[in-house]
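In what follows, chain A forms one complex with chain B and a second complex with chain C.
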Partner chain A sequence: MASVSLKNLNKFFGNTLVVNNVSVDIADGEFLVFVGPSGCGKTTTLRMVAGLESISDGEIQIRDRTVNHLPPGARDVAMVFQNYALYSHMTVGKNLGFALKARRFDDDDIKKRVLRVAKMLDLEEMLDRKPRQLSGGQRQRVALGRAIVRNPQVFLMDEPLSNLDALLRLQTRKELIELTGELKSTVIYVTHDQVEAMTMGHRLAVMNEGEVVQLDTPENIYNQPSSRFVAEFIGSPPMNFLNMEINEKNGKKFLKNDSLVLPVPDSMKKLCENAVIMGFRPNEIELVSQGGISGTVSVVESLGAEKLVYLKLGVNTISILVPSEEKIKSGENLQFNLRPEALHLFNYSNQRRITSNRND
Partner chain B sequence: MTQNDFRNSEARLGLYLILPAVVLVILVVILPIISGIQISFTSQRVVGSEFETVGLKNYLDLFGDKNFIASLGRSAVWVIANGLFQTIISLLIALLINQPFRGQNFVRTWILLPWAVPAAVTAILWRWMFDATSGIINTSMMGLGVLEKPLLFLANPEIAGISLTFVNSWRYVPFLTIIFLASLASVPEEEYEAAKVDGAGMWLQFKSITFPNLLPTLTVLGLVGTLWASNVFDIIWMMTRGGPGVSTTTVPVLMYDTAFYGYNISKASAGAIIFLLLLIIFAIVFIFLNRKQFILANETFKDLSK
Partner chain C sequence: MNSSYSVISILRLLVIVLIMFILLAPFLWILIASFRPNMELVRNQTLIPQNITLENYVSLFAKSAYWKWVINSFIVSLYTVILSLPLIVAGAYSVYRTQFRGRNVLSFFLLSVYIFPTALLVVPIFKIFDGLSLIDSHLGCALMNTAFAVPFGIWLLQAFLRSLPPELEEAAAVDGISKIRTLFQIIIPQAAPGIIAIAMFAFIVSWTEYLFAMTLLLSNDLHTLPIGLTGIVFGQYRVNWGFAAAGAVGSALPVFILFLIVGRWFIRGISAGAIK
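Up next is the complex of A and B:
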C-alpha cells in the first residue's frame, strides 16, 4: 500500500477548467472520499490519478514517485468503474485474472490468486459464467475482485455502488468497509452520495465546481461546515438557511428577520457583519409548548421513525425533524427552541463559515 | 376490438406491407432461377430457339469439362484472395481511422466514394491507369526508376488476377471499412479503460477486447463477402474478359461467355445451377459451423437499432 499526493492539480477540457488547483495528501491505508454534486470534477480527478485523463497542470505522486507521465498500467493502481466495465467476452475467471495475465504471471499463479479472490467474494460458482449472466450485485463483486486480485498500491473507486438497488447498496457498503479495512488498502473513492461518503470515508474532500472546498473528517465536516455549500450538501435532510440581520441593543447582538429574533451565541460575539446567513439542521430543534419560535405547519412527511415537518416562518419555509409520536397536522401552530450551539453562521457575500475565534 | 383482433389486423397490415417486396423477389429472383433450371435440362442454344429435353446431359458434360472444373478452381482462388485481402485491409483502415484525429468525420464519409462509383467507371479508370504506355502507374514507376519496362497489369496472365483482385478490393474495402467502424463503435470504451488500468498493451487489448467484439461482424461478412466475391462478373468482364487466355475466367465469366458467345445457354444454365448449389451448400455449412456468432451478431444489430 502507498500514500498518494495530489499537488495543485488542474484539468482543462478545452477552455473550461474542470479541476481547479486540487491538493490532497492521502496517507498510507487511508480511505479518502471525493464527494460532490455531479459535474464537480471528482471523477475527473480520480481518472487523472488512474492515468486515464492527462494532467493539465500539477503533480500526482504515488509512494513519493511522480507518476504524471506513467501510463495507467504502470501506476500500480486498480480501478472499480461505475458501470463495472467487465470484459463482456470473458468469463468471470478470465475477468479476474486479466490484469495478472497482462503482467505475465504464470498460469498456475493466476489460477491460485483468482480462486482465493473468488472465495473471498463468494464468486466460486460463477467463474465460468459470462458477465451478462450475472446479477448487478454479482457483477459489482467481479469488478471489485478484479481490483483486489492484483494487490495494488491504491484502489480507485468511481461510484461503485450507484448501480445497485438500495438494500444491496447498504449491504455492499458494509462489506466494502470491512474488506478495505482488512486489506489495509489506500482507497480513493468517488461518490455523489453524502451518506456513503460520511459512512465510508476516513476523510472527505468535498468538491464543488472543480475545487476542494473542505477536506476533513466526516464529523468535522458535519459539525463545522466551511461554507454554506458544504453545510447544505452534507447532512440529510439538508440544513435550513435564513438570511438574518445583525442588530445591537443594549450592547447585546441579535439575529433578526421578519419573523424571529435570536441572541447571537456567546461564542460569536466578535461578529462584525451587518447581515449573515444562519443555518441549523432540522434535527437540532426542540419542540416546546410555549415561548419558542413559532411557525405554521404546511406539509408533514412521515419518514417512519421520524416526521419531517415543513414550517412557515413568515416568508420563509424551514424543515424540522420531530419524533413520529408527535401528532402534527398541517395548518397547526408549532413552537420550537434552537440551542445557540446548533447555529451555523455564514458570511452573507462569500458564504463562508464565520468562525468563533476569528479576528479580522 | 379485442387484443386478438388487434394482433390479427396488425399481422394483416404486416403482410400487405411485405407483399410488394415478395412479388418483386418472385419476379426477378425465383422465376429466373426456375426457368434457368428448366433450360438446363434442355438442348436450347440461344433464347427462343427450338430445343428438346435432354435430362442431365448438360450436367454430365460439365463434370467432364476441364474448362469448367478449372474455372471453379479460379473462382475459389478469387474468393479466398479477395476475402483475405479485403478483410485485412479494411480492418486495418477501420482501426486506424477509429483513432481520434482532426478531420475524422470527413474521412469517414468520403472513404465510401470508391464504393459509390459505378463498376463501368471503375473499370475504365483502372484500365487507363494500368495502361502500359500512357497509364499513370507505369509512367510514374518508370519515371522514378522503379521499373525498367512497363508492367502489363492486365495482359500478363500471371499478374492479371492480382490486378483484378486489387481493383475489386478497391471497390469493396470502403464498404467493409464502414461496417467495421460501426462494429468498433459498439465496443464499450470502459472495457479499454479497464484494460489500460489492468496494464494490457495494445496487442492484448486488440486480442481480448476488440477482436472478440468484432467476431460476429467478421463472421457475417465472411458469408456475405464470399457470396459477393463469387458472383463478381462486371469488373472482370469489363477489364479482361476473363483473359489473357483463360487466366481470369471465373465461373460467372465462363457461363456468360458460354451462353452469349458460345451460343449454349442450356449448358451455361446448368453451370450456373451447379455454382448456385455449391454456394447454398457453403452457406448452410458456414452458418451451421458459426451459429453461435450469427446469434451474437443478431443481438448486436438489435442493440444497435435500439
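Up next is the complex of A and C:
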C-alpha cells in the first residue's frame, strides 16, 4: 500500500478548466472520498490518477514517485468502474485471473490468488459462470475481485455502488468498508452520494466546479461546512438557508428578516457584516408549544421514524425534522426554537462560512 | 375504443402484408418461374402455373457447370473474407478507438471509394492487374472485392465497436494489458457478432459481384456463378427464362443456407449499430 499525493492538478478539456488546482495528500491506508455533484471534476481527477486522462498541469505521486507520464498499467493501481467493465465473454474465474495471466504469473499462483479472492468475496461457486449469469451485486463483487487479486498499491473506485438497488447498496457498502479495512488499502473513491461519502470516507474532498472546496473528516465537514455549497450538499435533508440582516439594538446584535428575529450567538459577536446567510439543519430545531418561532405547515412527508415538515415562515419555506409521533397537519401553526450553536452563518457575497474566531 | 383499436391493428397488418408482397413478389415470381416450362413463360403467363416441371433444375444441376461455378464463387468469396476481415477489424479499431493525427480526415474519406462508378475503374484495374500478373486468378478477383468490401465494412463495424463500453479497454489498460492483447482477447471476442456480420457482408459482396469477375476471370474454368449463369442463360438468339429463374434460385440458395446458419448473428450485428 502507498500514499498518493496530488499537487496542483489541472485538467483542461479544450478551453474548459474541469479540474482546478486540486491538491490532496492521501495517507497510506487512507480511504479518501471525492464527493460532489455531477460534472464537478471528481471522476476526471480519479481518471488522472489512473492514467486514463492526461494531466494538463500539476503532479501526481504514488509512493513518492511521480507517475505523470507512466501508462496506467505501470502505476500499480487498480480501478473499479461504475458499470463494472467485466469481460462478458470470459468466466468469472478468467475475469479475475486475466490481469495476472497477462503479467505472466505462473498458473498455480494465479489459481491460488483467484481462489483466495473468490473466497473473500463469496464467489467460489460462481467461478465457472459468465458475468451475464450473475446478479448485479455478484457482478459488482467480481469487479472488486479483479482489483483485489492484483494486490495493487492503490484502489481507485468510480461510483462502484451506484448501479445497485438501495438495499444491496447498503449491504455492499458495509462489506466494502470491512474489506478495505482488512486489506489496509489506500482507496480513492468517487461518489455523488453524500451518505456514501459520509459513511465510508476517513476524509472527504468535497468538489464543486473543478475545485476541492473542503477537505476534512466527515464530522468536521458536517459540523463546520466551509461554504454554503458544502452545507447544502452534505447532510440529508439539506440545510435550510435564510437571508438575514444584522441589526444592533442597545449594543446587542440581532439576526432579522421579515418573520423572525434571533440574537447573534455569543461566539459570533465580532460579526461586522450587515447581512448574512443563516443556515440550520432540519433536525436541529426543538418544537415548543409557545414563545418560539412560528410558521405554517405546508407539506408533511412521513419518512418512517421521522416526519419532514415544510414550514412557511413569511415568504420563505424551511424544512424541519420532527419525531413521527408528533401529530401535524398541513395548515396548522407550529412553533419551534433554534439553539444558537445550531446556526451556521455564511458571508452574503462570497458564501463562505463566517467563523467564530475571526478578528477582521 | 376497443373496436377502433382492432380496426387500426387490422389496417396495420394489411399495410405490412402489402409491403411484404411488394418486396417479395419478384422473388416469388422467380421461384415460381423456375418450375415452369420455358414456353409457358414466353406466352400466356397465368398467376398459377399450368404445368410444373423440374427441367430447368435438371439442366442447371446436371447439364451445366453449376457446381464448378459454386466452388469458384465460394473460393473467391472465401478469399475476400480472409483478406478483408483483418483489414476491417484493424481499420475500424484504429480509426474509431484510438487517437492519432489525421484520424477525422481519414474516416471522412473512408467511403470515398464508392464515389467512382465501378465501370470507370475496369480498364485501369485491368492494366494494373495485368502488370501484377493477377489477371485470370481468383486471388485477383478477391482483391478487387476486398477493396470494395473494406470501407463499408469498417463503417459498419465502427458502429458496433462504439456500442462497446470504453471502460472495457480502460479496465484492461489499468490492469497493464497491452493494446494488442486487449484487441485480440477483449475487443474482438466482444465484437464477435459484429465481426460475423461483417464477414457475411464481405462474402455476399463477393458472391454477387459481376463486373470485375467478368473482366478479370478469362478462362471458363475460373468463372464464378454470376458469370457462368449469364453465359448460358442468354443464348445468341433467345433467352431461356425458366433456366434463368432456376439459376437465380440456384445462386441464392448457398447464401440463403449460410444466412440460416449465421443469420441471427448478422441481425444482431446490424441492429447493434442501428440502435446507436
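Everything that follows uses one rule, which is that the second predicted complex is superposed on the first by the 360 of 360 C-alpha atoms of A that agree within 3 Å, B and C clash if a C-alpha of one lies under 4 Å from a C-alpha of the other, contacts with A are read in each partner's own complex, and residues count from 1 in each chain.
FYI, a residue touches a chain if its C-beta (ideal position, glycine included) is under 8 Å from a C-beta of that chain, and two chains touch if they have at least 3 such contacts.
Owing to the predicted nature of the structure, the values given are computational and were not obtained by experimental measurement.
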Superposed partners chain B and chain C on chain A - clash or fit: clash
Which superposed partner A:L321 touches (first chain B, second chain C, both, neither): neither
Which superposed partner A:L271 touches (first chain B, second chain C, both, neither): neither
Contacts of A:G73 with chain B and chain C, given as first, second, both or neither: both
Chain B and chain C contact sites that coincide on chain A, given as residue numbers: 50-52, 71-74, 77-79, 81, 83, 85, 87-89, 98-99, 102-103, 146, 150, 156
Complex contacts: residues of chain A adjacent to chain C: 50-52, 71-74, 77-79, 81-83, 85, 87-89, 98-99, 102-103, 146, 150, 156
Touching residues on chain A, where the partner in the complex is chain B: 50-52, 71-74, 77-79, 81, 83, 85-90, 98-99, 101-103, 146, 150, 156
Sites on chain C touched by chain A in the complex: 165, 167-168, 170-171, 173-178, 181, 185-186, 189-190, 192
Of all residues in chain B, those that touch chain A in their complex: 188, 190-191, 193-201, 204, 208-209, 212-213
